[in-house]
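Given below, in the form of structure tokens, are the structures.
Okay, so chain A shows up in both of these, paired with chain B first and chain C after.
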Partner chain A sequence: MAARPTSPHLSVYRVHRYTLLTSGLHRISGLVLSLGLIVLVYWLMALAAGPAAYAHAAALLGLGVFKILWLALLAVFSYHLCAGLRHLVWDTGRAMERAHSRASAYLVLGASAVLFVGLALWLLGRGHAS
Partner chain B sequence: MAEFRLPPNSRIRTGVTHKAPDGAREVRTFRIYRFDPSSGENPRVDTFELDLADCGPMVLDALIRIKGSVDASLTFRRSCREGICGSCAMNIDGVNRLACTTSLQDLGREIRIYPLPHMPVVKDLVPDLTQFYAQYASVKPWLVADTPAPPDSERLQSKEDQEKIDRPAACILCACCSTACPSYWWNSDRYLGPAALLAAYRWIIDSRDEATGERLDALEDPFKLYRCHTIMNCTDVCPKDLNPAKAIAEIKKMLVQRQS
Partner chain C sequence: MSLRSPLGQALGRGAAKEGVHHWLMQRMTAVALVPLAIWLLVSLLSLPALDYATVCAWLRQDWTAVLLALFVVSAAWHSQLGVRVVIEDYVGSRGLRTVLLALVTYLHVLAAAAGVFAVLKVALGGAA
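Showing the complex of A and B:
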């Protein structure tokens, strides 16, 4: 007899359900943030290499395309922080009933949106003030 | 490892369509996964149009109706039709549930029915649960005690101790939770899965059991237990409203607490 087929999984499961959506976004945002570290390391190396190198890096990172990247990373950071806190609460065994995990999924999505907008406005305001 | 694509022998073809009879009043479309091991062909998805005016209220009623009057070769497990045997667990409209307790009224005009996800398929909606049962057996789901039982009575426990195991002991082993878990999809060869871990927890916290330490030792493993990443699909889908995710979190806590 031929090998048994594997039943479909990702292609049929409801991936936009609150459980898979928040967990998947948490993983993807963690991955994106670790890639974003490359930029941070570049900035720190320029900082350590002296005023000329820093001025060059600051000019480069101040380009419009990088400003969009900062905003994107800020959004990703806001989500990853809120979702990470939810995981910390879960690790204590709390708020794990179905109704609670469903409510906290929407709470995390809402809170991370608020955090992102707040941080973005604050940073943009500082940029104009200086 | 995570294999996102189905292997070549598992990719799905378009199957046949069975039209509703003329004069049907309340037509619903069922798209149902079919696999015939004797044909040598890949699985396919058949379409059945069914008149609900002519059918019972649950998804299981529709399946029985199809088997009885449209295609007798449609194969699925079922027994109690009241959510206690766990036989008719399947993926209905993208979520794992029991066909017998899922009302057709709660679903849309088109209903997609697949076997439990990422399992070897025996035929149509019947998955091979051999490994799932072996994992359950591996947690020794029975009372382990060196102390002999009292000669004139059973092993008694307090009402409070009994209440701790009320919910975990109500598991019907339908496999909805384990086969809803992406960690189980990618690592079912080494990760025990929510159902087996819920069973392990049920015995770990049983006040009459004397093998708590050995049970925790057996689970202290990067894969058997710690592949759980709290995705919460298990608790989301449990048709008995049990909480495997919480049980796993409590086991993880016990493993940390006993180190101090």
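Showing the complex of A and C:
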């Protein structure tokens, strides 16, 4: 098997570069969302199993640690959505020059922060995660 | 100069078209997930409560069941494609990588099957 470089090469790039930051965050947020999918399926299976199983799952998912998890999921969802839309724009061949790429990186960070704050306020305002 | 034929040198160096399929399906599921994920999040946050009766009533609406089943399948597919790339990039050992890729694929198929089953069971009235 040919020796191939890893992508991105972790020890060569400088972490403070916006390219590595946005790319790395996109991967990490995607991995966290994969864990969120497992929680969603667990919740749906408990719902399908009936009221007793659902009450058990709801009590578990309503614990304090999970309330932090809901906020974390909203944060990574907000970021992954905005950064994913940036990737879809790139797929059309647009905005790939350095100046556009840099501007869209900050646009994604800003937009996802605003989206996260909005969603978090909505969640906390409803307060029905318990 | 190598005595191997051009075809012999190319074989086993990676299959053509496979990568394009991965790339295309990642984008297809991504585009589908934009409205589906926003719909799911807004729907859950809009529910007056998350108790058993309320969630069941929500899930028994026809379009809720259809869209939620589509979300679970699209999300599992998209997630599998993404996690696969991360493993391929960072797990150096060929044996461990193969085992992890197989496990991740099985887990995602399991998640999709369980999610769709649960949605159908509740939506079709199997649960009390």
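In this text, the second predicted complex is superposed on the first by the 116 of 130 C-alpha atoms of A that agree within 3 Å, B and C clash if a C-alpha of one lies under 4 Å from a C-alpha of the other, contacts with A are read in each partner's own complex, and residues count from 1 in each chain.
Everything that follows uses one rule, which is that a contact is a pair of C-beta atoms (placed from the backbone, for glycine too) under 8 Å apart; a residue touches a chain by one contact, two chains touch by 3 or more.
Treat the numbers as computed from the prediction; the structure is a model and nothing was measured.
Chemist: Go through the superposed model and pick first if A:96 touches only chain B, second if only chain C, both, or neither.
Modeler: After superposition on chain A, A:96 lies in contact with chain B alone.
Chemist: Should A:31 be classified as contacting the first partner (chain B), the second (chain C), both, or neither?
Modeler: The answer is second: A:31 touches chain C but not chain B.
Chemist: Give one of first, second, both or neither to describe whether A:20 is in contact with chain B, with chain C, with both, or with none.
Modeler: first
Chemist: I'd like to check the shared interface: which positions of chain A are touched by both chain B and chain C across the two complexes?
Modeler: On chain A, the overlap between the chain B and chain C contacts is residues 1-2, 6-7, 87, 91.
Chemist: Under the stated contact criterion, what part of chain A meets chain B in this complex?
Modeler: Contacts found on chain A: 1-14, 17-20, 23, 87, 90-93, 96-98, 101-102.
Chemist: What does chain C use to touch chain A in their complex?
Modeler: Answer in residue numbers: 13, 27, 30-31, 34, 37-38, 41, 45, 47-52, 55-56, 59, 68, 72, 75-76, 79, 82-83, 86, 89-90, 94, 111, 114-115, 117-119, 121-122, 126-128.
Chemist: Give every residue of chain B touching chain A within the complex, in rising order.
Modeler: 4, 6-7, 9-10, 12, 33, 35, 37, 40, 42-43, 91, 93-95, 112, 114-122, 127-128, 180, 182, 185, 229-233, 235-236, 241, 243, 245-246, 249-250, 252-253
Chemist: Given the complex with chain C, which residues does chain A contribute to the contact?
Modeler: Within the complex, chain A touches chain C at residues 1-2, 6-7, 27, 30-31, 33-34, 37-38, 40-41, 44-45, 47-51, 54-55, 58, 77, 81, 84-85, 87-88, 91, 119, 122-123, 126, 128-129.
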